[in-house]
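Chains here go by letter, A, B, C and D, matching the order in which they are written, and residues are numbered from 1 within each.
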Amino acid sequence: MARFLPLSQAVSENLHDGDSVAFEGFTHLIPTAAAHEAIRQGFRDLTLIRMTPDVVYDQMIGMGMARKLVFSYAGNPGVGLLRRLRDAVENGFPNALEIEEHSHAAMANAYEAGAAGMPCAVFRGYRGAELARVNPNIRFIECPFTGEELAAVPALRPDVAFIHAQKADRRGNVLVEGIVGIQKEAVLAARRAVATVEEVVEDFDDQHPNLTILPHWTITAISVVPGGAHPSYAHGYYARDNAAYLEWDKVAADRDVFRDWMDRNVFQARVEDFEQRVEKLRVAG
Amino acid sequence: MARFLPLSQAVSENLHDGDSVAFEGFTHLIPTAAAHEAIRQGFRDLTLIRMTPDVVYDQMIGMGMARKLVFSYAGNPGVGLLRRLRDAVENGFPNALEIEEHSHAAMANAYEAGAAGMPCAVFRGYRGAELARVNPNIRFIECPFTGEELAAVPALRPDVAFIHAQKADRRGNVLVEGIVGIQKEAVLAARRAVATVEEVVEDFDDQHPNLTILPHWTITAISVVPGGAHPSYAHGYYARDNAAYLEWDKVAADRDVFRDWMDRNVFQARVEDFEQRVEKLRVAG
Amino acid sequence: MTGADFTPNEMMTIAASRALGNDDVCFVGIGAPSAACNIARLTHAPDITLIYESGTIGTAPDVLPLSIGDGELCDTALTTVPVPEMFRYWLQGGRITIGFLGAAQIDRFGNINTTVVGEYEHPRVRLPGGGGAPEIASSSQEVYVTLAQSRRAMVEKIDFFTSFGHGEGGDHRQRLGIDTRGPTLLITDLAIWRPDPQTKEFTVVSLHPGVRREMVQETCGWTVRFAERVEETPPPTEQELSILRDLKARTEAAHKGR
Amino acid sequence: MTGADFTPNEMMTIAASRALGNDDVCFVGIGAPSAACNIARLTHAPDITLIYESGTIGTAPDVLPLSIGDGELCDTALTTVPVPEMFRYWLQGGRITIGFLGAAQIDRFGNINTTVVGEYEHPRVRLPGGGGAPEIASSSQEVYVTLAQSRRAMVEKIDFFTSFGHGEGGDHRQRLGIDTRGPTLLITDLAIWRPDPQTKEFTVVSLHPGVRREMVQETCGWTVRFAERVEETPPPTEQELSILRDLKARTEAAHKGR
């Protein structure tokens, strides 16, 4: 049953050192505010799970919070590489990072399997792809009817998932719209789920009947954080801050510049700052 | 690429004797008009596929059109048994009917697998259930990670699927709303797909971004048949004619009453009659 | 009978409704289960989550649906999802606290048959089949069953294992690798039954007002076990009865009206 | 160069766009593929269906997205679906006529590496990884690849098989049970390449205006094969160029603006 909590409490109650955690969002609705709160609280030894680890995972890895990364595309989308991640993988700085690497199809199927309570996902994939050689969590089974070889990966079941969504209603049901990505699956696959939202509305009675709504009994905690997805975006609220993604490439290129940026923009910042960061990006409406 | 055709042509071009065919609809949006057109055209030797064969399949079976039925719940929902189906299974009248019986979970997964291009569906099912003994298309495989025994069924790939939907746009994209059931999966799993729709609109630009829309290149033919789902219903257009379902129980109970009813309501009827049948069931709007 | 002004069927529905709580997430079978679940919602459990296999989550119909996919269910639901998602994320995902089933035939271990009377290949009566029930029975955290007693329905040996209950009793479920609790409650028009903790045989724990033990045995095809201490089911309250009757009246009017 | 007023990169994008038709359903990779697909849509193929892995189907962005999930893609799409559905129903379902990929490294058989430079366990450069590419390469009916030529990108032997092209050539795909056509077209900033029907080795079939064979060889890490008859790629038309430049200008302004 969803409880409405301040973000600091929602994070401290649901994330612990050593957890496997998914801050999900497929370009859209990335839970940056929750990730920054986790960084301020200084968790260690995390297994970070995400299809598209981008800036927030680059930041967590750069801060030495991650023991392992499970992922399928580790880039700053449209910009380039993740330089803190590279530093960890190539140089072990600030610490060595174990990686479990998949394709998008595999990760999407693995989240789906987690949401569906399955032990594994079965799909047609990895044919001729070398990841199957280096990742022991990629196996193959035979279709019992055709004999076709199919790929299998373990279901993803994070200890906790964080998502950002547009709206909660007063009972704690959560609405996700636009590029819905993998958020519903991440929430349903996880043992605990925390949602940050742009706003709270009375109910969803006036909404279309087939929208992506997570019932309140699938969510552990909700925090209201307007702008909480910046520099990604919230469909219907504010646009993507593409300039910030371009800027990140320079920030992350240098260890000292990175630490300085983190001090100023994360450690000395507050949850409330997100609202102001999206002010100029607001969608006319 | 969807072509707009009169229903008689859409049916005659896409359904053939001996085909496997799914007239899908989960209580809502049952493509009755298309089924009645198929009955008028007198196809034989069909393999009828549907999770919930109800009145229209009772009619087709009663008319001797079916060789085989693949299904998971063969009832008149909330009313009782399907009496023409019973007559075929119990007495071989008007002809013997081969049956392949599944659970809903298996059929839903099998359509999903068909839509996803998979040879089979894998799920946690049939544990302790006797259908696995009588249906050779239910098999079990082992999860390659946990060793858990999981059920597998072949993907459903009908030769042709018929659905009824609320709207098409002028390019032939098709919108389904409300209880969307298994229609999207049936269309994507089938080699050919025919949709009857309540109306044609200019485009779907003003619609919510996450609706169930089948792109025009997934649909073979579209026929505009207002009321075409009667006695089931079309969310936003007209209500379910529950009285007709109650009445069917009496009609189907007797072979002669059934034939007489079919003569009057199908063979001597026209596609255009559906519009009039739903007149009193129209939703205030 | 004691002369109380309620029918056994009304008692059954109301007794079943009392077993449900506000925090339950119910996968609702059509018929008697649907009435019980909605009475719970309209009385002591207004926040109960009702899910129908047509994909409607958190529905609150004003009249009982005739089918599992009536428009009323979608109109009043929190959201409506595709059927594959319903069976994968919501049922198989383990989120259903109570799967609520009816039965054409049931045995003392809560195994259910809704497939055939007679042999599968040459049935005397071809019933509708399992629908959602085989996986509702195995994937719901626990299962409640409700049906009116009769020797035709409550049998020594069911003709077909549509849905697995406790099998041959004892730890049969665990031996098959089924990790959910299975049937934990049977509510008939005469009594409330719970499985014996060891044998898993359904045992009468409460008789409805005015019901004698012989009446339960006469309408049951196996030798009935009674708990050491058998309670009397509290009769329906005025409020429960009037809410049930209003619901039935609204429903009947709605299903007849064209 | 002939002095024509277009860059090799513009020629590459426009040549790639010409290979796409109105009826194509394209799974669009970000970067060069995205530009080519949108130029096709804005010129000769207005009805082309563009799909991005973020779930947007039938999108028509006014500016090029920076990421595969920009808001513009959803705003202009016919519909936007969850990511698991995108990979299951739309890609794995065989509905994509052309998967359009870029590459960090490619070999003569169209095998692609976007994972690591160096050894996987101890990479010299850790690249982003495959993302959607491994299954785009195997599930799309055919695959087009576009990249700017360089000896670093076009190599004798790729460091990692992120996405399988024609493997070691010949019938290697079929031997692995892959029933799709694989890479059928490579468009660089200097030439158009097609696989040899037998060996599947990419072969230059057309040189862009002003490009000499030596230029192609100098920027390619393997010994280049030329078709018996090598065409000259028609130069960009006025219309193609102005549409491309307008799109790029709109895009640059949009990505910089806060």
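Here is the rule we go by: contacts are C-beta pairs under 8 Å (C-beta built on N, C-alpha and C of every residue); 3 or more make two chains touch, one makes a residue touch a chain.
Chain-to-protein mapping (UniProt): A, B = Acetate CoA-transferase subunit alpha; C, D = Coenzyme A transferase.
This one's a predicted model, so the numbers in the text were calculated from it and none came from an experiment.
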The remaining chains, subunit A excluded, cluster as one piece
Chain-centre distance (mean CA atoms) for subunit A and subunit B, in whole Å, is 39
Rounded to the nearest Å, the gap separating the Cα centres of subunit B and subunit C (Coenzyme A transferase) is 28
Each of the following residues of subunit B touches two or more other chains, namely 112, 116-118, 123-124, 148, 178, 180, 184-185, 209-212, 235
Contacts with two or more other chains occur in subunit C (Coenzyme A transferase) at residues 74, 80-81, 88, 92, 139
Among line, ring, star, complete and other, the chain touch graph is other
Full set of chain pairs in contact is A-B, A-C, A-D, B-C, B-D
Subunit B contacts subunit C (Coenzyme A transferase) in the complex at 26-28, 51-52, 71-75, 77-79, 81-82, 85-86, 89-90, 101, 103-105, 108-109, 111-112, 123-131, 134, 148-149, 178-182, 184-185, 212, 233, 235, 239-243, 245-246, 280-281
In the complex, subunit B touches subunit A at residues 116-120, 122-124, 137, 139-146, 148, 150, 152, 154, 177-178, 180, 208-212, 235
Touching subunit A in the complex, subunit D (Coenzyme A transferase) uses residues 30-31, 53-56, 65-71, 73-74, 80-84, 86-88, 91-92, 115, 120-121, 123-135, 137-139, 160-164, 167, 173, 176-178, 254-258
Residue set of subunit D (Coenzyme A transferase) touching subunit B in the complex reads 23, 25, 49, 57-58, 74-75, 77-81, 88-89, 92-95, 139
The answer for subunit A against subunit C (Coenzyme A transferase) in the complex is residues 1, 112, 115-118, 173, 184-185, 188, 204, 209-213, 215, 217-218
